[in-house]
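Labels run A, B, C and D following the written order; every chain starts at residue 1.
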Amino acid sequence: MENPMDLFPRGFASDNFAGVHPRVLERIATVNHGHAMAYGEDAVTARTQAAFNRLFGREVATHFVFNGTAANVLSLMAFHKPYGAVLCSNLAHLWNDESTAPERTLGMRLIPLRSVDGKIDPAALVEILGRGHGVHGVHPVALTLTQPTEVGTLYSLEELRQLIGIAKAHGLGVHIDGARLGCAIAAMDCGVHEMLVASGVDVVSFGGTKQGMLCGEAVVFLTPGLGKEFPYWQKHSMQLSSKMRFIAAQFEALLEDDLWIENGRRANAIAQRLNQALVKVPAVKVAFPVQANSVFARIPPAWLEPLQRATFFWPWDEREGLVRWMCAWDSTPEDVDRFITTLNHMGSA
Amino acid sequence: MENPMDLFPRGFASDNFAGVHPRVLERIATVNHGHAMAYGEDAVTARTQAAFNRLFGREVATHFVFNGTAANVLSLMAFHKPYGAVLCSNLAHLWNDESTAPERTLGMRLIPLRSVDGKIDPAALVEILGRGHGVHGVHPVALTLTQPTEVGTLYSLEELRQLIGIAKAHGLGVHIDGARLGCAIAAMDCGVHEMLVASGVDVVSFGGTKQGMLCGEAVVFLTPGLGKEFPYWQKHSMQLSSKMRFIAAQFEALLEDDLWIENGRRANAIAQRLNQALVKVPAVKVAFPVQANSVFARIPPAWLEPLQRATFFWPWDEREGLVRWMCAWDSTPEDVDRFITTLNHMGSA
Amino acid sequence: MENPMDLFPRGFASDNFAGVHPRVLERIATVNHGHAMAYGEDAVTARTQAAFNRLFGREVATHFVFNGTAANVLSLMAFHKPYGAVLCSNLAHLWNDESTAPERTLGMRLIPLRSVDGKIDPAALVEILGRGHGVHGVHPVALTLTQPTEVGTLYSLEELRQLIGIAKAHGLGVHIDGARLGCAIAAMDCGVHEMLVASGVDVVSFGGTKQGMLCGEAVVFLTPGLGKEFPYWQKHSMQLSSKMRFIAAQFEALLEDDLWIENGRRANAIAQRLNQALVKVPAVKVAFPVQANSVFARIPPAWLEPLQRATFFWPWDEREGLVRWMCAWDSTPEDVDRFITTLNHMGSA
Amino acid sequence: MENPMDLFPRGFASDNFAGVHPRVLERIATVNHGHAMAYGEDAVTARTQAAFNRLFGREVATHFVFNGTAANVLSLMAFHKPYGAVLCSNLAHLWNDESTAPERTLGMRLIPLRSVDGKIDPAALVEILGRGHGVHGVHPVALTLTQPTEVGTLYSLEELRQLIGIAKAHGLGVHIDGARLGCAIAAMDCGVHEMLVASGVDVVSFGGTKQGMLCGEAVVFLTPGLGKEFPYWQKHSMQLSSKMRFIAAQFEALLEDDLWIENGRRANAIAQRLNQALVKVPAVKVAFPVQANSVFARIPPAWLEPLQRATFFWPWDEREGLVRWMCAWDSTPEDVDRFITTLNHMGSA
């Protein structure tokens, strides 16, 4: 049978367009052997949870769910109050890309905060926390930050500490959406413990799919005792996999020899190559600092459609002529070179 | 590395304890190649949806979700009213094994109906539909049936038609929980079209995981036009997979050459072998007709614990001494023989 | 202006058809004077909450909501778990007459239990509590009992203690739906403290509307510390009245000189008069012991329609020929006599 | 008994601090006579619904609920999609003062839009409607406007038409929160039909409590056919009053001889008197145009606490020194004069 996969052109549309890392797929095959307890009571799951403990340098509570929306929303269940609100960036995936999942699953409100280069403005956080309104208003219960952000920038450790400090001083829980956390760890000169544990984060959505897996994300509670009822939430939220060993095994492969960070590093390097090549395309202006695996740029409006036809990607904000190019763990220098050639062709057309 | 999978003893605990069929895993590897559109807009998904059309002999609307609870609950969204109720068997997985997912996701009530040998008593259905109560009571909007049932029995075509007829006469939608549908199709002398389309079923949870997949279930709308907004429900219910091709590909392999039915046939055959062997174990009484891939039996209370230690399974109703033994696509005659030896050892101990 | 109220014939349809007791209406007028703090921070509310403390012989936490469904559902919020279930009688108002309010507001499941003469069968309670199912099944968190029951019977103190004892032994909270509690207190030889506090009840829906008010019910937490966040639940459930003094004032009048018990006693007496008169109508069979303010009876099917035309009421179960006649605080001996005359006329027609 | 109502000082804290208009209370007493059908099937309710038809100059669908939050939220049920969003002003009561009622009852998101003088900026509305995001983002389904706004300003007819036009062009439903609608009608040179029906509004929360009632709000669907299932929503949202005649009767009195507009006119006049008197208090700066019954002002920070002690009111934004003074239907010129005296005393203290 001819492989239809060959027909779709590679490009920079999304890191969700990439496939599964060979070592991840291999590990699935390895554990596909005999019988195992279902619903996460198996040996592979236990072994992978232990690997997460080692990664974070402490006993953490790790649970595996199906996708990123579930990881974010169920992380936040740990801070649930029926009259509560979750504070997020106005660019957060949670706010822009997860439909009404937060409201419907949590029964809480999202409040979007002003951001600068994709990062929540501390003044906006302070401002919202200064309001108090008894039973009438919603009560902020958690702050969620994305690292790297949705526009490919990074919170410095200092910036993380500042925002987390404000949140903690007001009794809020702190969540990190780390769908592409490996890119952040690869880019910043620090370890997971320093970035997340030491800075006071309570719970992390630890990305699987975008970091090289087939499907699956981890929710990792760093704060001892938090999320004790998670398996129940997982069940009633339709996020409990019966053959859990196959999600766990993927994460085991991802953590082994820091494959997830290595994948992030490769994606970041491709983004840098793209960024540097764009300097020589005068009609294109990079819009945000390129700190992780994505490049946002403003392109001439007339280029959008032909460029999409040549190599598919989504506009970020059509009215602003702003587009997003996202590098994946399997993106190659050749992908960049071919893309730049196409761009130059636009310019000369 | 030693494979910990070797350490867990094979048995009859659940068809979720089995692994992935080799042809399914192979297909995942085949499509793990290059880039593909995310969220189900890829070629593999389209191809697999076309395979479902061929299977059902008509244009159906097929969507892939992560697990069985989601397949059941999101199927029922098609009949949603905020004051609605879903009628199910008092033995339904939906009622007994899916936590509060139905209530929380649908905002509707479940009403459990009396069953005989796992099958809803038509009189109980008629009785509940005879009540009317204006705005005060809940309004039944759908009937859900499980085929094969949770206790391994089968609704005959005549029984299906009768219940569906009653439901339709009252304007209800009809859903089939077909987590193990292949066992039913293998066991009954009929095709998918006859059992489901011709009998008036509106939507089916078409099992993946228990039928040999790694993870994934299909929701198949048979009634034209039904479930048009499903992709939205899927998204806000956290059931939209980004790398969808890898769920679709598994189903493609499962449908090819009727692998799913073949898997059901093998599991059924093992159940029959077990059933027949039990005749010679006087202390054990089979509790329900063995029509698909499970055997329910009453065993001496004193046997329960040592037997579970020897080969893990769950009691179905400890107070009644009722246990469930479930055969999977990968169960073998040797599994049965070893189990019977263990049972006989119990009897002589 | 002619009063259209004169046109509607008095009868035994419901205690919701009755009006407001004059002393209640008078008290509304008394507090309609000047300004008062809104949302329950006013002096009338505080005064009435103190009256509830005196009634129950201890410090209780009393909150006023708009209707009975809200009182029941918000009482149960105190025991909320997202994977929880509430156990009720299969005849409970909560199960039969409050639409999907329990599921939608609480996100929990209702489980109806078998009842005898409207009272939960202790064996059914024991049976359901014996099931355990880890994360898969729902977890019972509360038991709700109605006193008097929906069919006009009463749990004896001994029966209450038995059911509450079973519930407490399994860690469940206990709620009483006391929409007509005054009828129970009037009928049984005991006080509020003995019936509710001493028997271990946690929270009571204390009826207002059916006991002589215009609108309003009280949720009274008897167990210290329970329901501390009630004002928040009340707000997000749309049950916080801004001009609260006018609900509180009605309750103040109702508690004064035990008006609520006096109203119950009068309604009970009318029900007894009706019950005794029915003995002489051979075609009518009283269906349940008449212990409070309602009479359930089986009547000849042919009588139903003409009788409803003569004096409106609702059938309870049309297929069984079972009807309900409900006496209110304002029902009179003349109402009974006229009704019996009508009945006799049916018999001779 | 001494009336504790005498002890609370009159002021400008809220129109919820006022009592019930005598004609409203009188009408309650008038209909408190004999029996009536429950749950809104009575003659008083029908009569009042007819009065609403006359008021709007067409057949409208009028339903009575308990409070303003319920009126707003249940109005919006008419536009419900499970992945939907409601657009509101960032100053909307719905956003700031109704806890999580919108999210929990509707399962939809609220999106706050930038406002100028309390009125939604049309550019902000256009901007949000220009975004499209397939299944990933939420879909705006309705626009809600408050008239008069939460800061006492009025949308002109032209402004209403512009915003409604934009909303309609994008298929959105339009809701008016008219908790104080009488103030708007009294202030603007137009009738109800012109302001609401002709401008294309679909549904109105027609205020009761703040306009002189004891408790109760009306939801009025102006668009034919809209909200047909409202009685069901009302029931499952715990907003169906059993003795409905007593809410309906209040509205009947309010509509008679335009009492509700008269009440608005009186409140507006008091606000104007206050506004004019403040001109002579140099330390106080009125913050928004005074167009209805409220006055927002910036006062010296040091005044806040002593002024609140003298005559209770709430700060609107403590950090900005912004306070709200609200006039009610029962506010008097003497109330203003006394208040100004107190203010002047502050200035000279």
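Just so it is clear, a residue touches a chain if its C-beta (ideal position, glycine included) is under 8 Å from a C-beta of that chain, and two chains touch if they have at least 3 such contacts.
Bear in mind that the values here come from a model prediction, so they are computed numbers and not experimental data.
Asker: Remove chain C hypothetically, without shifting anything else, and describe the chain groups still held together by touching.
Answerer: Without chain C, the chains stay as one piece.
Asker: Going by the average position of its CA atoms, which chain sits the greatest distance from chain B?
Answerer: If we average the C-alpha coordinates per chain, D ends up farthest from chain B.
Asker: Between chain A and chain D, what is the gap in Å from one C-alpha centre to the other?
Answerer: 42
Asker: Would you mind pulling out the distance in Å between where the CA atoms of chain B average out and where those of chain D do?
Answerer: 51
Asker: If you average the CA atoms of chain C and of chain D, how many Å lie between those two points?
Answerer: Averaging C-alpha atoms per chain gives centres 33 Å apart.
Asker: Mind pulling the chain D residues that touch 2 or more other chains?
Answerer: If we look for residues of chain D contacting two or more partner chains, we find 39, 82-83, 98-100, 104, 107, 135-136, 232, 235-236, 240.
Asker: Graph shape for the chains shown, where an edge means the two chains touch. Line, ring, star, complete, or other?
Answerer: Drawn as a graph, the chains make a fully connected set, so complete.
Asker: Flag every residue of chain A that touches chain D in the complex, lowest number first.
Answerer: By the definition above, chain A touches chain D via 82-85, 96-100, 103-104, 107-110, 130, 133, 135-138, 319.
Asker: Would you pull the chain A residues touching chain B in the complex into a rising list?
Answerer: 3-11, 13-14, 16-20, 25, 28-39, 42-44, 47, 66-70, 73, 98-101, 104-105, 209-210, 214-215, 232, 235-243, 246-247, 312
Asker: Under the definition above, what is the set of chain A residues touching chain C in their complex?
Answerer: The contact residues of chain A facing chain C are 39, 77, 81-83, 107, 135-136, 229, 231-236, 240.
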